[in-house]
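Below: a set of structures, written as structure tokens.
Two complexes are shown next, each including chain A; its partner changes from chain B in the first to chain C in the second.
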Partner chain A sequence: MRRTIRAAVGAGVLAAALVMTGCSSSGSSNSNDGSLGTADKPVKLTFWGWAPNMDKVVDTWNSTHKNIQVTYVKTDAGDPAVTKLLTAIKAGSGAPDLMQAEYQKIPTLVSADAIIDIKKDVSAETTSKFSDGVLSSVTLGSDALYGIPQDSGPMMFYYRADVFKKLGLSVPTTWAEYADVAKKVHEADPKNYLGTFSSADAGEFAGLTQQAGASWWGSDGDSWSVDIDSASTKKVASFWGGLVEDGVIDNQPQYTPEWNKGLAAGTQVGWVSAVWAPGVLAGNAPKTAGKWKMAPLPQWTAGEQATGNWGGSAVAVTSQSKNVKAAVQFNTWLNTSKTAVSQMVTDGGLYPADTVDSKAALATGNGFFKNQPDFYTQAAKIAETVKPFTYGPNVNVAYSAFNDQFGKAAQAKSQQAFLDAAAQMQKITVADLKNSGFTVK
Partner chain B sequence: MSTVTKPLGSRGSMARPQLAKNRSGRIGANDKTSYTSTIILLLGALYCLLPLAWVLMASTKSGGDLFTSNTFVPSRHLFDNIVELTQYRGGLYWRWMLNTALYAGVGAFLSAAVSAFAGFALAKYSFKGKQATFMVLLAGVLVPGVILAIPQYFLLAQVGLTNTYWAVLLPQIISPYGIYLARIYAGASVPNEIIEAGRTDGASDLRIFLRLAVPMMAPGLVTVFLFQFVGIWNNFMLPYIMLGDDRLYPITVGLNGLLNQGSTVPALYSLVITGALLSIIPLVVLFLVLQRFWKVDLGAGAVKS
Partner chain C sequence: MTTTVDVDQTAPGRDPAAKPSAPAPRAARRHRLNFTPYAMLAPATILFLIFMAAPIVYTLILSLQKTEVQGLGLGSGARKTVFAGFSNYAAAFSDSDFLASAGRVGLYGLILVPAMLVLALVFALLLDSKRTRLAGFSRVVIFLPYAVPAVISSLLWGFLYLPSVSPFVDLTTALNLPSPDVLSQGSVIFAIANIALWGGVGFNMVVMYTALKAIPTDLYEAARLDGASEIRVALAIKIPIILPSLIMTAIFSLIATLQVFAEPTTLKPLTNSISSTYTPLMKVYRDAFIRNDVNSASATSIIIAVTIFALSFAFLRVVQRRAFQEENS
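Take a look at the complex of A and B:
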């Protein structure tokens, strides 16, 4: 995930401090009175999140539910928010009732007792609105339910339709074709690339291996297994390593000013991304509106239909919440009511995880993809093909190992270095898991 | 030139030609060194000012132009950017600006006040444990504030004050360095005789402090105030750790948050750049207005015995 170095350092310092300061008053003390409040004496909830315009959705709730009043607090996205929550949990106070949490962070939060199982307060009708793949990231394959999914990020392939037309290229449906097209794009103009291998986006790489059939962690009761350096990961690593070694795709990280410039100037001709890409494209390269098109991710075997997930969050109830029932009621409304989900699409530009209630709002298509009016119909089809994937309790360690190892490999421009990087990631992740006291198989 | 020749001439009956040669040699050497140092200084100035110029130019560009147009060619979107920044989530940016002013202004004022009391007491009273207190304070000067941020977070969490204005204000009120400076300054600028005179006239200790000592310590306290003000204005770590609600953020943490939107939302580069530019202005004004005090006081505090 993108963040400034400062923030990264900050998160690191916080994390280190958490380890050092043993003064924790863990053991959640929920009074759990189940009160739902009245208009005169409303239950007050706090909700931390960072999704754009979520405050407006919360306002809608507050104006129609006088008995439960929610204060929305916009925090920094991703890692800093998690670190802040964990600090508050350790400190014994200061945590909100509800918290937006990226899917890959949920095992970390569960193992830190920061978020709780809300299964008994959530109906089967609510959970039936999510695809199995998405639901598995909040159940972690158990009987529990650690949050209600908010948005998801099925991965797709974006390309500049105008450039493809000019060069007479057809949209790649397999990765072999992708490599071929990448070569042609770069040969036609050495400044242009079909994509880049970004060593700053571990989530993207994880999604690509997910498509290939990898699942980096596995849990069996109390023990964890790590399978980062699997055949599937090796396949993906060696594919991108080969492209970088041949110089047919770029080796610079995404979300840098340089990369933004490439998008805007048209030297980045394609982007392997996810369903939320239109927002990023519109923000970084507004003048390329109408020139992009979206297609399913290229496949490893022709005719197959599979994709991975990059991004997306759930909303969880924290272990410091004293009003779990009210929090779950709000959470259910927020992520599975037609009103809230529609507003999430129109105001927030999110792609809701709730596939039932979002249909109407998504039917109008995406403003940046006017040339592709059925954008969300296609997206919904692609979303159904997300392969299962399990995240472990030390995703942060694995991801930072990815940044370090693949960062070096991308600069070295060698296929072998990519394979070595995957092996290193495995080693670092297993060592950390053992160090943190988990049983590792 | 006469000032140059005079001391040379006074050395004795030096031969004229030699003197001339010497003189021209000296001037040549002088010119050369001044060229080199001028170039070095110019390079230094360029090094410092170039990023500022970049911010200035970039803040005039629209989001679409930012990464595509020539870096140092200005565009005409500065006003649009300011409007957009002002509109961002209902003027949140200006709230950050006010927050920062509050944190820095109130924090620095309280800090200067505490420093004045503590510094005066340490300099002019003798009491048990005075040396020990001062040593602890000196040790405190050596501990970077960043290190204390986490323990302070845990302490404030115990009393439920995290994520409030107090979380940022309280830890910055006590500044060991400020107390140290105030003690030195009180020791140097408030004569014991004046305190004794005050006592003879029957003034209470508080009155002596407020009416006699504080005015004499004023320049030193301005220095403490400025140090703390700039320190708090630029502080990132403490508010970053203490605050979760972005309505309470100071500018530093707020702008960082604008860049840190998560991978699914584009970073708001134009807003951040414009915001950074605007956030410099109050500090520039403060420095231009208070620069005099700053310089004089550091010098004054250092040379008085």
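Take a look at the complex of A and C:
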């Protein structure tokens, strides 16, 4: 027995040594290589992402920049892509040069040494194109810059204008009004709901607490703090718990065949979502085009203007890239050039984080919201009201705890269960940080 | 495991005369260095070492380690792997979610395994009985779901379970009957067992049916001459003779039950009732790929593997003594 333990320790030390040498060698190649290639001998880059029609934007780059040729690889969205990248990083090879990373995943990726600080290669002019809120999610509040923002997801309220008109309802501007409207919609037809509380969408709930003033993580010196179970989160949890307990909104998860059918059939009368919602609605309920309208999220205090973020990504350079300079140059073009961001709007339906260069493309509006031609003008105004929010190094743990705990609560249909779920999330997230050796305040 | 036991039991009986004379030539051969047997063993041994032994050893090593973080854990070199002893195992055993998932799978097995075996046996006996028409067609129809991958069948059933897209619910509402929510907390375990049952009965039925076909027909004729009914023939002749096949299918079903993963994972996004640690293997998946903690995932994997091995072995020991005793003596 003792011998096996010693062997295991030996193997562990060996593995650690391998990891360290792996890091140092890639580190040195990063700092040395500044070549940008020529048309005859181009630098070759690989880029992993999943944004719609991104391959077309990459084609535009490749046809105009012969010295740097980019191969675009479409990966699965979100968690699977991160898993794939982390596996490649651990293996020591196989990672791309550039990677699309959702904002909430950036601390995890930085912590796993998967993406690098590109501050010294990015000009101040480039970073000046982003709002402070968006920029903070790629700087993590430090002097570093871990990626260039691509798109953002300011949250908004979508509703079926035709149903509202029929029932004589006005668009809710506060959450109290939302609760009132939800009740009226459900009373008019017990099959209809103004929305659902989805235990499958931690990002949506995080965004709603962001609007209420929560910031789930924070860092101070060398220690992290977790503030999931804050007064703001409790306010949001108890509001939705109350609606679910009263049965005036649905308690089933979003993005299921059931929910898709509800959107198409008109039993889902509203949706608390983000700027990218038109794409989802057009895909799931194409026949409802022209019937939906968008408004700012209801507020906690009348007259306030605040929202949260749901979704959105940056593009980061990985620690295995041997052509950092070239990668940053492509990254800068991709997310802050007029050509690229306009194409992202028209071909990809994204809402670019760089709103300066995409202004002209956004002015044409959204095809699914022909009844609301100033869709993006309104969206831009709403985007300015996104409240700050800090993500921590174990967002994955907190989000999966959300799925489990709020799933139970939604099933129980009790307001108290929603509050308990928030407390449990806090407990699980803190325990995981401590278990990994983080200092937690 | 079973094969080695079989060899030990049958080898001496097969050729009793060979045994006494064996030691002499074997000893002589040992002096001459003959590489041929090793060379012939090499491919299998090397493949076994690379693809079976090495991953198991690596999993064992991973399960005894943990990752530790310095400071904020940002930037390069902030994480390092350290020896953790048995702390991952201790954590798994004190994790109430893991224990709950183990209990859930136990209940799932109690529902699924008997239902699976009884249904498969009934189908096999029906197909084997002389009076059955369209036996070939029925056999294919019952077997067909086995050819459908578990993820596909779970999606398929998921659509049937969701009220607004389910034709069953359309039917019950049309008939003014109550339509129960099959994906609710209390009944979701039956919903999952139903999918596994649908996919698994055909395979087990074919195994049993093949065993039934191997029974010499003169046994039935003798019984029928004595006036035994079909049911009596089934209970007194067929089932006792195919008992070894029943035991084998029981063990396969038991192992498949303990490893249940695809069905609940596919249904998970459709309902609030299935958590990310609904079954032990789902916890392994969550730890490894969502929490990015391969070390505790490895420890849990080892616990599950050892448990499955112990349970299968214990089951074999118990039933083998009863079922094969008469045969051996």
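In this text, the second predicted complex is superposed on the first by the 410 of 441 C-alpha atoms of A that agree within 3 Å, B and C clash if a C-alpha of one lies under 4 Å from a C-alpha of the other, contacts with A are read in each partner's own complex, and residues count from 1 in each chain.
The rule is short, and it goes like this: a contact is a pair of C-beta atoms (placed from the backbone, for glycine too) under 8 Å apart; a residue touches a chain by one contact, two chains touch by 3 or more.
The shown structure was predicted, so the numbers you read here are calculated from the model rather than taken from an experiment.
> One more residue to check, A:Asp113. First (chain B), second (chain C), both or neither?
second
> Quick check for you: in the superposed arrangement, does A:Ala398 touch first (chain B), second (chain C), both or neither?
Neither chain B nor chain C is touched by A:Ala398.
> Name the contact category of A:Pro52: first (chain B only), second (chain C only), both, or neither.
A:Pro52: touches chain B, not chain C.
> Would you sort A:Trp276 into first (chain B), second (chain C), both or neither based on which partner it touches?
A:Trp276 contacts chain B only, not chain C.
> Applying the document's definition of touch, where does A:Lys261 land relative to chain B and chain C: first, second, both, or neither?
both
> Could you say whether A:Ala179 touches chain B, chain C, both of them, or neither, answering first, second, both or neither?
It touches nothing on chain B or chain C.
> Looking at A:Ala212, would you say it contacts chain B, chain C, both, or neither? Reply first, second, both or neither.
So A:Ala212 meets neither chain B nor chain C here.
> Tell me the contact category for A:Asn251 with respect to chain B and chain C: first, second, both or neither.
It touches chain C, and chain B stays clear.
> Figure out whether A:Ala410 sits in contact with chain B (first) or chain C (second), or with both, or with neither.
So A:Ala410 only meets chain C here.
> Chain A residues touched by both chain B and chain C?
Common to the two interfaces on chain A: residues 23, 255, 257, 261, 265.
> Note which residues of chain A are touching chain B in the complex, please.
Of all residues in chain A, those touching chain B are 1-4, 6-7, 10, 13-14, 17, 21, 23, 48, 50, 52, 55, 73-78, 80-81, 84, 87-88, 90-94, 96, 102, 151, 153, 201, 203, 255, 257, 260-261, 263-265, 274, 276, 279-280, 282-287, 310-312, 349-350.
> Can you list the residues on chain C that touch chain A in the complex?
60-61, 64-65, 67-83, 85, 91, 97, 158-159, 162-165, 184-185, 269-277, 286, 289-292
> Could you please specify the touching residues of chain B with respect to chain A in the complex?
Listed in rising order, the residues are 63-64, 66-68, 89, 146, 150-151, 153-154, 157-158, 160, 162-163, 236-237, 240-241, 244-247, 256-257, 259-269.
> Going by the contact rule set out above, which residues of chain A touch chain C in the complex?
So the residues of chain A in touch with chain C come to 5, 8-9, 11-12, 15-16, 19-20, 23, 27, 79, 83, 86, 107-108, 110-113, 117, 140, 142, 144, 199-200, 219, 222-224, 251-253, 255-258, 261-262, 265, 267, 319, 393-394, 396-397, 400, 403-404, 407-408, 410-411, 432, 435-439.
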